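In the two assemblies presented below, chain A is common to both, partnered first by chain B and then by chain C.
Here is the complex of A and B:
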């Protein structure tokens, strides 16, 4: 009977060890919709994205408030919120997916990896499957992750009026970078 | 005792296993807990800091300058001879500056009476949501106008201050929904010199302005002021303007019909001579172009 007790404890320890989760509340998301014909840079930055990664299952989730995107020009920020992403109606952008080859990554040791990420990106009320590569490096028990992603605005029903159609890029480059810390539950 | 230990161990294992099973499908973001609701300012009740003639509850963003060109043509009922009023035009050119999120100031000059006007606008309370929020924006405007015409009667002793008039306005406004914004604005205009002995120096009025958004870029707006005290007996009317705001990217066009010629508070509240009933209405437009003169500092963590 003692064995069973020990076994239970061991299992308990093993499980909590295995279902390790990492998180951040200040992930950074940049987006760039500058086209060659744009008179100025169309760039926004959000520094308060939240992200949780379950290193055991490889599942990950991302969320960012659209109103959290800051622009150099106030008018651009207004147009972004009012006309393009309609952030009152659709306040959040979310990504729910998984790290495809998370089993190849040893999250307990320092090292650099390139992983494939696949999942669903939801924004402006539309969901689409997206796939990209991410670079992750494990440093002192924290995960540093960066990823680039190109999305087509028309996939998310973000319409650009004809007058400025050539001044805003039809594909938007999204760069994500964050430092994930272990989640203590 | 042994049985109890065995059962509880089994129970723990089952629980663990179950929770692990659930974990596969759980909402990972929920683990971080619910976000605390933050106080958030309600923005963009109006497209521009002016409804049509009068000040709106909105402010320019800090670090921006709004270059505004306002035109009022002649009266529509003048017919084809004057091309429905388009042959004449009265204009005001103005520069407005956003200083803080709730503070702005501006200066302008109108061709009507060669008048220069300046104002400062401050909002102690902005409409917001979340904890400790206010359902309305409360703003205060104080302005001054300077008449530039030659003295009407050069034979009498004229004082420079006689050219001046002041106005004070409170704006209480609310963006009820994405589509609908409404504001009321009690106003007092003080003229240092009035035309007739029977005219009063202090004129009190209340303004009602609103917006109904028709699409993402087009909105229907109206702007009415009702003079409560100080309206001369005849020849003057309450100013009513109705129009559309059209936003084209960098510009906001405000196209409208109005019975007033004046484009500052003194002029349109106290000197509107057009009568809507007689078709003494003018076509007009405001053109607003916002420039970023000071770039936003990127927030640093």
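Here is the complex of A and C:
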């Protein structure tokens, strides 16, 4: 009986150690289109993005519902969904890519790393190659990851009406922050 | 004399129209979201039924529920607090990876602080769609959610 208990614990510890995939369903994505001429911050926050990282292959994936972006002002949110990103037509934004130097990261013990991320960002029905740096922090078996990315709205065929063209930045800053836990299969 | 009177009336009318438009634009520009706690749900259903409906036909169900106020009742699988203090209540079948995930309006955070896993809870929120994922399980997302305290 005692042996069975020890074996079960050992198996559980081994399974956690072997976990290759980490995930979250509470990833936070900030969408900031504030320009120097904006009368106020044009910022939307999505707190329900999903993210999966395979620590062995370095592959990673993000997904977020466009209607999940909350803006402080109702009018701003309506314009974002109806006129700019057309959320009814293109409900999701996705990123599929990889950590280019994942072999430099020891996911089994605590530590901080800067990694390179490369992949395809799909938004508003358009896909483009993107590349950025991310900060990864391994703490107590979890991965905290943050990254900033600048994207040109024109690359995603998001057009800004002439009347507010100088009030909305042509380059949007996308900031991602998430805490990934081991995925138990 | 008559001409002067007409000009005066036209100027006054223009001023009135201009003033009214300015007030409307100002109010519309500064309009904030309505508190979900004060909104009547358009649909009221259980978390598992909502999940099943989305899984059955995502497109039609998204058209039906997106942007609508839903009242969803279900078993609390998890209450997640992120590093910035925002809460998400996860409702649904405890044996499934799929759920209804309700981002709680920060004005109503205090209502979920004491919510326990395994209890039954009703939440009102604005449906923002369905995030289908084969590996992680598919979730219905509600934003600006509040606990329905009437029950």
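By our rule, the second predicted complex is superposed on the first by the 166 of 185 C-alpha atoms of A that agree within 3 Å, B and C clash if a C-alpha of one lies under 4 Å from a C-alpha of the other, contacts with A are read in each partner's own complex, and residues count from 1 in each chain.
In the analysis below, a contact is a pair of C-beta atoms (placed from the backbone, for glycine too) under 8 Å apart; a residue touches a chain by one contact, two chains touch by 3 or more.
Source: prediction; values computed, not measured.
Look at chain A after the overlay: chain B and chain C clash there. Of the two partner chains, chain C is the only one touched by A:179; chain B is not. In the superposition on chain A, contact is made by A:63 with both chain B and chain C. Of the two partner chains placed around the shared chain by superposition, chain B and chain C are both touched by A:26.
When chain B and chain C are set side by side, the one touching more residues of chain A is B. When the shared chain is aligned, chain B comes close enough to touch A:79, but chain C does not.
In the superposed model, A:163 makes contact with chain B only, not with chain C. Shared-chain residue A:50: touches chain B and chain C both. Using the contact criterion defined above for the overlaid structures, shared-chain residue A:92 touches chain C, although it does not reach chain B.
In the superposed pair of complexes, A:130 makes contact with neither chain B nor chain C. Remark: of the candidate stretches 5-13, 59-67, 77-85 or 149-157 in chain B, the one overlapping chain C after superposition on chain A is 59-67. Common to the chain B-facing and chain C-facing surfaces of chain A are residues 21, 23, 25-26, 47, 50, 52, 63, 67, 70, 72-75, 88, 183. Here chain A touches chain C in the complex through residues 21, 23, 25-26, 28, 47-48, 50, 52, 63-65, 67-68, 70, 72-75, 77, 88, 91-92, 177, 179, 183, going by the rule given at the top. Chain B meets chain A in the complex at residues 2, 5-6, 9, 12-13, 16, 20, 23-24, 27-29, 31-32, 40, 43-44, 61-64, 98, 178, 216-217, 247-250, 290, 292, 295-296, 298-299, 301. Taken in their complex, chain C has these residues touching chain A: 28-34, 62, 66-67, 80, 82-84, 86, 88, 101, 103, 128-131, 133, 135-136, 139, 141, 143-144. By the touch criterion stated above, chain A contacts chain B in their complex at residues 1, 4-5, 8, 11-12, 15, 19, 21, 23, 25-26, 45, 47, 50, 52-54, 57, 59-61, 63, 67, 70-75, 78-79, 81-83, 86, 88-89, 161, 163-164, 183, 185.
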